[in-house]
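Going in written order, the chains are labelled A, B, C and D, and every chain counts its residues from 1.
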Amino acid sequence: MIKLGLVGAGRIGRLHAENIVYGIRGAELVTVADTLLNEEMEQWAYSLGVPKASKRVEDVFSDPEIDAVLICSPSNTHEDYIMEAARNGKHIFCEKPIGSNLSKIEKALQVVEDNKVKLQIGFVRRFDHNHKKVHDAVKEGKIGEPWLVKITSRDPQPPSVDYLKTSGGIFFDMTIHDFDMARYLSGSDVVEVSACGAVLVNPVVADLNDFDTAIVTLRFENGALGVIDNCRQAVYGYDQRTEVHGSKGCVWVENDRPNTSLVLTAQGTLGEPFLWFFVERYKEAFIAEIRVFIDAIEKNLDPPVDGMDGFKAVLIARAADESAREGKPVKVPKV
Amino acid sequence: MIKLGLVGAGRIGRLHAENIVYGIRGAELVTVADTLLNEEMEQWAYSLGVPKASKRVEDVFSDPEIDAVLICSPSNTHEDYIMEAARNGKHIFCEKPIGSNLSKIEKALQVVEDNKVKLQIGFVRRFDHNHKKVHDAVKEGKIGEPWLVKITSRDPQPPSVDYLKTSGGIFFDMTIHDFDMARYLSGSDVVEVSACGAVLVNPVVADLNDFDTAIVTLRFENGALGVIDNCRQAVYGYDQRTEVHGSKGCVWVENDRPNTSLVLTAQGTLGEPFLWFFVERYKEAFIAEIRVFIDAIEKNLDPPVDGMDGFKAVLIARAADESAREGKPVKVPKV
Amino acid sequence: MIKLGLVGAGRIGRLHAENIVYGIRGAELVTVADTLLNEEMEQWAYSLGVPKASKRVEDVFSDPEIDAVLICSPSNTHEDYIMEAARNGKHIFCEKPIGSNLSKIEKALQVVEDNKVKLQIGFVRRFDHNHKKVHDAVKEGKIGEPWLVKITSRDPQPPSVDYLKTSGGIFFDMTIHDFDMARYLSGSDVVEVSACGAVLVNPVVADLNDFDTAIVTLRFENGALGVIDNCRQAVYGYDQRTEVHGSKGCVWVENDRPNTSLVLTAQGTLGEPFLWFFVERYKEAFIAEIRVFIDAIEKNLDPPVDGMDGFKAVLIARAADESAREGKPVKVPKV
Amino acid sequence: MIKLGLVGAGRIGRLHAENIVYGIRGAELVTVADTLLNEEMEQWAYSLGVPKASKRVEDVFSDPEIDAVLICSPSNTHEDYIMEAARNGKHIFCEKPIGSNLSKIEKALQVVEDNKVKLQIGFVRRFDHNHKKVHDAVKEGKIGEPWLVKITSRDPQPPSVDYLKTSGGIFFDMTIHDFDMARYLSGSDVVEVSACGAVLVNPVVADLNDFDTAIVTLRFENGALGVIDNCRQAVYGYDQRTEVHGSKGCVWVENDRPNTSLVLTAQGTLGEPFLWFFVERYKEAFIAEIRVFIDAIEKNLDPPVDGMDGFKAVLIARAADESAREGKPVKVPKV
């Protein structure tokens, strides 16, 4: 039985906590820590049967009973917490992004390596039944050499302006998932990025020096090209499509719906809306990624999405950000 | 150049005439005859460039210039006109049904045989791109032995009560197409029929001693079972689906739509309505069946849907009618 | 916390047990009883953390700690066990069919009523996301008056001959689910059945005086017609489609697949096979039905699928069986 | 009856000629001219019933009987032939591209205007049932403000190397259709282009200083963004998808197939391959565009795709070409 501590009890932290308690065998959540711990959070932890709730993250990092930590705190704490966890010999599951400061990320990766702990980054889409199938078809050679990677990724509704103020910008907050997908699906690293952004959903976003709609062209090490289109608003639901076109064919996936019904009337044939957002769409994938993390610890395996994957996604995001601002293609540094 | 005469300038006759004039190479429509010929019909024929229009059907049957006739007159004239055409050495394309009086049909078939003319029955669905694919998949063994044949056939809206009064009943007028489809798709004759009818669309139909909704179960000579569901009203458009399930798999076809668009909004994903009715749905098939008829004449081939096919469909319809009225399965006589 | 006892630890019993242990909050499985209990079953129960395993079903029925029982034993025990449980004041979840002896079923229903316990029958498909949507669309009037109900239900592969020997026949074992679906989707009782069976999958089935392929036509109290097509073998996976056509439109659902991928090559566009069988297809529905049962106990609600629903499905199955054997439509007795 | 002359009897010229002879009422093809006229071409013209075939294009331009010309000769003749036709008072249907020399195109447009003849450019996709539906949905406001335009356009197989040597490059020869689509679907002009090309299909293309795979990002005057992905080879058939995402929803279209069949076996569910190439895919659209052209002449209407549309597509292609070669976004000059 792997004992886990959670650091950060916000939306994504709670989602993981509930999955562990109700959906994962062989793991036990023993402590929840959040620097903003309040009565509501304590009640929530209690209702889950988690024995300890604390305001001090050290209560997780230094607890000898705890085998592994889940870092779900704000992005700007990630590198530090990774290092603290690693130095205490804890295995680490860290939500994306791994960080924003390149040299701190590199240092954190070194500390992880030195302390021989496992680090898995929360790129949950790799565990999705649809995108995984695209990846597998490419890997198994079903479409020959990959030539074009296409990713559509649109949120149903924009986050709050408060959130946007500290999100780091669309490329670090939203597209970062797609940058990881691009590497995962193509089986190759990204060498150059050309990004084009616009403010179309909400004019306030321009004041934040951010974009809410973007198209990013990628050039891969293996010669393939890729394209991501993002928008912060898709009123019809979370739009998550991936596709790889190659020398022997093409593979793509459509969006998931809650059921396969078609209602046929004189107005046309009405299918269900798509699943609303990531909680619904990646429900199974969130469970699967923690299962894989627990498994990696138990069987001493390498996690399938490691710190270097987290680092590379940040490097691509930085290149995209620079490209969109300066109006030119930008090389991605090789690491 | 095959010279054709049309007998009966109603809806279906005009459809064929326009296809011949505008869509068929190698054939020429030289006379239109209709016992109810009026000024409007003459104008229509003139606008098509057809040289002769007549009130006397003999002007078609006895014209030495004419190679073949299209019989599109009311059903109760079919057997007589077939015989008249055959005795005059004309090849015959006859709309369904071939007739309603069994002994007259048998006699007509004999006259056709004696006069060595070709007779093709207008079972247009055999020439449809979708249903043909189901047939071909079965014939090529892609689904192994056929076990279950399923046909859904629903009209968008019921015909007028006037039409219903003389239609001969749902099994002779509407299901007769499906009876032919059943034989075509299964590659086997029907040996027993069990039908169940209801009046759900319009209560007036009950006064006519007819049904507007029906389910017909078929037992085929090769042991397979089949089922047809019919309804005189489907507000979402002409519903034309076929399916064959067998030992190695299944093949089915969906309805056609005018385009592949999906409009995605907060209400769901809206696809196009189905093509409205047979004119739209079987547009290409109506042209194809006449092309095949012309070809059969030119190259001296057997038409792919002949008089015996027309006769067998009538025999199944009679069995279905009896079954629905008497509440018991009815054997189909072997011919 | 509702305490449950399981009677019958075969395939379906274990499925429920594992769902309760891992997927249902608010319920606890405290005893497993099976008259054929062996070491392997004991190990299985132990691995689930179930405290007691017994060879005596009375250890469940008479245990004062137990609130409710799950009857997953062979069909011929169902009526007796229902009565025994009810007399001991236990709520009852009973797998389909509720029984096979009509007078015993009626007696069991009386005992249930007298003892004021809840009885839910395991018609799991009512809890499926697809079929539920068809039901809801009909109930909400989206398609107007229901006229035609269509159910396709085909198993991926036939059960063993040993199983078939005691299954009670295709209508009691397999179609019984569809008979319940027909009532659920139409919102109406079945008044007449006309069935047609064949042995196409395996000739041995004929020796058992059973069928492996069937088409059943239904007439509903509200005037609608229905049709079910069954086959014991569909090599492409479990085929579970439902449809209701009505005065204002139609609603149907397609089969579920493990993912939405399409692999496009020169050979065509290849989608995933359907989910293989009921374990995969109704995975969520099996959990949902037990949740509803627990909920009904906790909140003192009527279970949505009760003993009368179980009884009515058996009455339809008997009519279908008689109809198929005697070649005539058979009335369903009103209860 | 509009009398037409064809200039250029290559693949596309013959396609138009056959459509006019067999599929268009109200128009008559009276002369075919091709500077490379040979016996085979003469035979072809004769078989169509076209009275005159000539080696001299002047025989079309100067023939007083001719109302309108179809320019289907090599691209480098387009501007000159447009001017010659206009000066002779002929209406003009000119295949894409309108030309390659910007000042000559401008001059040709002036001559067209001065001579008050109609000029329609052969952007056939505007007349396609699918893409037209996307356009209409946008125009009717069904998706609100357009934000993202997505076009996938892949040929089934690359043209011959000989063809590629004189094609003008992928952006002028292939993507030019997509540039027009982008304007048509968005309802807005393109102001900036950023293109990224690669040679992945055939290394010989690199020697020609061309690309065979490309991603082009567009910025529209109305603020929207667009993206086109092209590839010269898609072994699964002509891939022609368009999509517009906006403030109130999204509209997209899928590829057409020859029929709706699904063959279900243990290997999966196999749908038909897509229609192979433009001849099959845009069969109806090729007829429709000529019908519209004839109609514009008869009713004195403006053609829906005029010379300025042709010119603008060339300007975007030039910007794309420069962008791909110099690795930077390029502005599209306003005209």
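Just so we're on the same page, contacts are C-beta pairs under 8 Å (C-beta built on N, C-alpha and C of every residue); 3 or more make two chains touch, one makes a residue touch a chain.
Worth saying up front: this structure is predicted, and the values here are computed from it rather than measured.
Undergrad: Mind listing the chains that sit against chain C and also against chain D?
TA: Looking at chain D and chain C together, the chains touching each of them are A, B.
Undergrad: Taking mean CA positions as centres, which chain lies farthest from chain A?
TA: B
Undergrad: Could you please state the distance in Å, as a whole number, between where the Cα atoms of chain A are centred and where those of chain D are centred?
TA: 42
Undergrad: So the centre of each chain is just the mean of its C-alpha atoms; given that, what is the distance between chain A and chain B in Å?
TA: That pair's centroid distance is 58 Å.
Undergrad: Among all residues of chain B, which ones touch two or more of the remaining chains?
TA: Those would be 235-236, 248-250, 262, 264-266, 272.
Undergrad: Considering only the defined contacts, which chain A positions touch chain B in the complex?
TA: Touching chain B: residues 235-237, 257, 262, 264-274 of chain A.
Undergrad: For the complex, give me every residue of chain A touching chain D.
TA: My answer: residues 145, 147-148, 150, 152, 154, 194, 196, 198, 200-201, 213-215, 217, 219, 223-227, 229, 231, 233-236, 239, 245, 247-250, 327-329.
Undergrad: Which of the residues in chain C end up touching chain A in this complex?
TA: Within the complex, chain C touches chain A at residues 22-23, 25, 129-130, 132-134, 137, 142-143, 248-256, 258-266, 272.
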